[in-house]
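Chain IDs A, B, C and D follow the sequence of writing; residue 1 opens each chain.
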C-alpha cells in the first residue's frame, strides 16, 4: 500500500486527493494543513467580508470529504524539510513522516515590499487566508477608513468586500492603472470608472513612502489617514521545501506536464509552481484556482501510477466588481481586434491564425467558447464564424465539432 | 447514464425547449403563471446562425472543466449529473469562462444556473426533451467515444 | 369593383390571458400569420393569410390559440352557399381555374359508413386475436389457373412475381416533389419496418431511397419523370398510373418553383422547369397500347416485378378493369373519387369520378363473372380512413388497400387543403428546407408504423369477431357485410344484403 | 320461412363414420346406432348417411338419388335425363314408413350412363358432364333435387333425427365398405329434405359439423369455377371445393387439407424449405379456398374417407381403430357404440387430415 503525503490543504491538494483516489482507492494519504481549516475556497474570502458566504458554505468539498476519501489530515502542521533520498519529511514539530510519493502544494504567501515604519502600523492585515479575512472583518467598522495597498485582483476584491461595511476605502498602487496584471490602461480606466462610481477612491502610480502612525505618507507627498491597512501587493510561491532539497526552481517550483519536480517521487502543484502558458509558450506562475485543481489532480493521478498530463494551462480570470464582470485569458499581444460598446469592451488577440488571448468586460456571455478555442488552439479559419460583434456560442464552432459535442458523450 | 443530446438536423428553432425548461424549473403549476410577462432564464438555449439552429444545454461532461474550475465548490457532480448548489455560488462566473459549450448562464439572482437534467424538479424526462416537437432533443444512454 | 375583398375563412383567436409571447406561433407559421409587436409587447395576427393548418395551435405551449371559422357571412342561401359565392368572387378576381388539394370535401355519400360488419354469436365462436393466431398476410399478383407437377409429382412452385404484405395496406403514390424528402423517407422506412410497400408516385426515386427498394413500388406516369432502367428495377413492383381518383381525366402540374435541387435531379428535368404530366399517356390511347406498355415494363424488369395498373374509378370501371385484367397486368389499383392530391382543379376534384365502394364491388363481381379474378389482385384506394374501411373493402373483394391521406394525417397533416402553395407548415407538402426539416422521419415513420400497427390490431379484432382467422377468408366474403339506409340498387351493386335480412 | 338455398342457415351437428381398410362390406346398422348417443347434437331437422360400395352390381353407372315434390317434377326431370343419359334402371328407393319421418317427398333412384354422343360433342369427361347436369337440374328444375350422383355409392337423407332416417331408409339392408352419417342442428330452417346432409357431388360426399366463417369468400370463389351454391350451406361449398381441388385441379388429399385447413404462416416457416415452398405455394394460389371458423368434416370418396378439422380445432372429432376398421365421430361415445373394443382413440389436431383408404386392389 502506497503512502502518499500532500503538503498543503488548498485547491491543488484536494485535486491531488481526487486524482490519487481516481486510480488508487486504498493507498494511505496524509494531508498536512498549515491552516486550522478543512480546505476552503480561498477566493471567497472577499465574499465572506460582505456576508455573501460564510465559512461553512466556503468549504471546498463536503464536510465528509477527507473521511470519504480516506485521508488523514494533520492540521496546524507545516513541513520544514524534505529528504528525497530517504523519502522523509520533517515537520515543524520535529517529527518525521516517510512517503512513497509526495506532492508539494504549499501555495503562496503575501509579499509585502519594504515600507518605512510599516511594522508599527496597528490594524495591519494581509488578505490571503480565511483567518486574514476573519480578523479584517472583525476590525472594520462602518466608520473605518481603509487603505488598501495594491489595486490588483486581491486588493480590489478586498475593497469590494469591505465596501459592504464601509464607504471609506482608498486603494493605492504603484502601477498607473488598476488590475495591471490583466488589463491594459484603457480598459482599466473603464473598470476604474465603475469602481469609483461605487465609492472606491484611487491613488495610482503612487505608493506609500512611509507610515506615520495611522497615516500613510505617499510618494507624491499626499497624506492618507486610515484606521485599517490592508497590504495586497502580491504573493510569492512557497517553494522552500523543494528548493532546499535541491529541486529545480525558477520563479517557483519547476514542474513538467506530469507535475513532477526534478526530485524523484516529488510532485508539486498549485500556486507554488510555474508552468508553460500555451498562449505564448512562456513559463509563468499561473496562480489560478482552476489551474491549481488541474495540476493537483494531474499530480495525484501520476503519483498513484496513472497517466495524465496537464499541458494546456493558460492564465485566465473571471472576476467581477459591483456587478461588472470581466474575463481575460491568454496573452495580450499579437494582432488585436476590438469591439467597444457603451457598456462593454471585447478585445481579441490573434497570432498565426490562432486566438491567443482575449479580454471581455461587461458582456461575458458564453466566454468559454473563446477559452476553448484558445486553449485547444483551434485555427480561427476553421470556425464557422468568428464575428466579434456576436456573442460566442456553439454556432461559432464548425459543424463537425458541434455534432461531436451535441450528439455524443464528451469528456 | 442518460444525457440530453441534440440533433441540429431536426431543430426547428422554435425555442419551445427554453420555455419548457423555464417552466419546469419554476416550481409553478401553470406555465402562464410561471412565464407570462417576465424575462426567462432557461437552462437550455437555442443557438444558431442563418442556416442552422440547435439547442445547447450542459453536456454533463465526464470530466467537467466547470466543476474543476469552480471557486466556490458550488458546481459538483451527483451520479454523473453536473449540479450547482445555488447556495454556495457567488456568481464569479469562472464556470462560464471555462465551459466550451456556453451551457451556463447567470440568472436574475446573479448566481449561475444550469441544466441538471430535471433531476431537481418533478419532470422525470427532461422538460426540453419531452416538449421538443421534432425529437431534436433526446434523452438517451450513449457510450463515451 | 376591382379585386373584390373576400373575408378570410378563419379567425385567429388568441387568449391573451394565456399568451406568454414565446413567439413559437410566429416562428412556425410559414404563412406569416403571426408577428410580435414590440411596442405593445404582444403577439398580433393577420388572419387573411391563415389556412387553418393548426401548426401554431399544436405548438402553442400554453394553448392560447384557436382557429375558428370566420363568422362573417353572406346572407344565408341554401342554393348559393358562402363557399360557392366566394369561389365566384375569386374567379372574377383572377380569371383562373380554382385549385385545391387533398380529397373531395363535398357531402357525397360515404358508403363505408353505410355498411356494417358481422360478428359471431352462439352458432360459431368469435376468435380472440390475443389468444389465437390471426393472419393478415397477403400476396398480390397473378395466380395460376392450374398447378403443374414435376416428374416426381411435386408441385412446381414458380409463381408469377408477387408482393407480400404483412397486412393488406400500402402507402399509395405521392411523388417526391409533391411531398418532401422527409415525408418520402418516413413512408419508405415505415413500409420496410411494417413489411408493406410505399409508392414513389410519378416523381422518380431519390437515390437515397434505393435501399428501400424491396418495399417500394415505382410508378410510371404520363410524364415519365425519373423513369429509367435502374429505377424500374429498383422497386418491388412497377405501377402504371393511368389516372388518379382526385382528378380523373387530367394530368398533373408541379410548378417549376418546386423543381429544385434533388427534385429536379430525381425527376430528370431541368431546375425551374414546370413538370407537366399529360392527361393521357401519349403511347396509350387504347387497351392494346396498355398491354404493350405492361410488357415493355416487364421486359425491362426481366419479368421479375409485378406490374400494377392504377386507374381512377369512373363510370364504366368494371369494363375497364376487365380489360386491364386481360392486359398482362398483375395488379389493378382503383382510386376512388375521394382520393387526395397535392393539387387539382377544384371542379374536377369535386365532380368527377365515382365512389370506390361501388367501383370495387362491381369490378370484383365482374372479374368473377368472367372467371378472371385470379388473373389479378385488386387494390383500392381513395379515402380508406380506418381499419373498418379496410375490412369492408376486403370483404367487398379487394386484396389490399392503398392509403395516402390517412398516412399524411399520421405524419401531421391537418387537411388544410393548401398543398398547392408549397408552404406546408408540417413539412410534408413542401420543398422549403426549413419546412421540410419539421418532419423528422424518425418520428414520421414511427407514427406510420403506429398507425398501421393499430389498424392491424383492429383488423384482427374485427376478423376475430367474425370468427375469421386469416385475411383470405375475409376477401370477397360479402356475407359479412350488411347495408343500412341504402337503396335496393345500391345494395345490388355492392352485392350485400340490408341489415336485418 | 326461407329454406336452404334462399338464405344461409347455420347449424350445429353430429358426424360419424366407419370404414374397413380391407374393403369388407358392413351393414348400416352400426352407423345408425352410432348416432343415438349423439342425439342431442341434432334437433330433428335433418339426418343422413353416405354409403360406399353399396351398388356393386351397378358400379359403373352413376346412381342418382332424387327428391321430387310431385309427379310433374318427376316427369320433367325424367325427360331431362332421357335426353342426356342412358337410364339403365329407375326405381323407388325403398323406405320404411315410420311416424318420426313425415312429409315424405317422392324418392327415386336412377342408374345412368352419360350419352356418349353428347360427351364427344362437348369434349368433356363424363364426371364433368354429370356434375354440370346435376347442377343444372338442381338450379333450374323446380321441385326436383338430385342429392346423390356418384358411382357405387349413395347418400340417404331426410328431415328427422339421423337414427330415424337410417331406419326410414332401411340402411341395415345395405352393405358398404365405408359409411358416414350426419345429424343436423340447424337454427332456422323449416326443415327441407334437400337441406339435410351429407351433401354429395359425384362420389364426393361431405358430412360436416360446424359453421364456417369464410363461407361467402369460398362460395364466391367456387362459383367463379361454375359451381352453383344453391343451398348456401357449408357442406355444399366444402363439397364443391373438394370436387374442384381433387377432381379438377388434381391435388392430393393431403394437399387439399393444407389448402382448406392451411397451416399458419408461422408453422409453414418452421418446415423444411422444400415443404415450406409447397405449402406456401398452395396457400397463395388457393387462398380463396381456405376455410375458417369451426368445422369437422368427413369427406367420403371412392375407396376412402378423409376427416379434417379446422386449423384451430374449434369442433370436436375423435378417431378410433379396431383391426382393419377405422371409426371417426364427433364424440367417442359414438365410436364405442360402433366398436366397444376400439383402440388408439385420439383427437386429430386442427388441420391434421386423417385419411383412410381401402387397401389397393380390393375394390377393382
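We take it that a contact is a pair of C-beta atoms (placed from the backbone, for glycine too) under 8 Å apart; a residue touches a chain by one contact, two chains touch by 3 or more.
Everything numeric in this text was worked out from a predicted model, so none of it was measured.
K.L.:
What chain lies closest to the overall centre, CA atoms only?
P.N.:
It is chain C that sits nearest the middle.
K.L.:
Looking at chain pairs B-C and A-B, which one is connected by more C-beta pairs in contact?
P.N.:
Between B-C and A-B, the larger count of C-beta pairs in contact belongs to A-B.
K.L.:
Which chain has its C-alpha centroid farthest away from the centroid of chain A?
P.N.:
D
K.L.:
List the centre-to-centre spacing of chain B and chain D in whole Å, with centres computed as mean CA coordinates.
P.N.:
78
K.L.:
Measuring centre to centre with CA averages, how many angstrom lie between chain B and chain C?
P.N.:
43
K.L.:
Cα centroid separation between chain A and chain B, in whole Å?
P.N.:
28
K.L.:
I'd like the Å distance between the centres of chain C and chain D, where a centre is the mean of that chain's Cα atoms.
P.N.:
Their C-alpha centroids are separated by 47 Å.
K.L.:
Please set out, as single numbers or ranges, the residues of chain C touching at least two other chains.
P.N.:
As it turns out, chain C has no residue touching two or more other chains.
K.L.:
Have a look at which chains touch which and call the overall pattern line, ring, star, complete or other.
P.N.:
Basically the chains just string along in a line.
K.L.:
What chain pairs are in touch here?
P.N.:
A-B, B-C, C-D
K.L.:
Show which residues of chain A lie in contact with chain B when the two form their complex.
P.N.:
Of all residues in chain A, those touching chain B are 15, 41-44, 47, 52-53, 57-61, 289-290, 293-294, 297, 316-320, 323, 325, 327, 329, 364-369, 371-372, 384-385, 392-395, 399, 402-411.
K.L.:
So in the complex, which bits of chain B are touching chain C?
P.N.:
9-16, 18-20, 23, 31-32, 35-37, 131, 133-136
K.L.:
Within the complex, which stretch of chain B touches chain A?
P.N.:
Residues 3, 5-8, 45, 47-49, 52, 54, 56, 59, 61-63, 65, 68-69, 71-73, 87-88, 90-102, 104-105, 110, 142-145.
K.L.:
Please give the residue numbers of chain C that touch chain D in the complex, ascending.
P.N.:
Residue list for chain C touching chain D: 120, 123-125, 127, 132-133, 135, 137, 139, 143-144, 146-147, 149, 154-155, 157, 159, 162, 368-369, 371, 373-374, 397, 466-470, 472-480.
K.L.:
Which chain D residues qualify as touching chain C in the complex?
P.N.:
Residue positions touching the partner: 8, 10-12, 187, 210-218, 220-221, 223-225, 249-251, 255, 262, 264-266, 277-278, 280-285, 287-288, 290-294, 311-312, 314.
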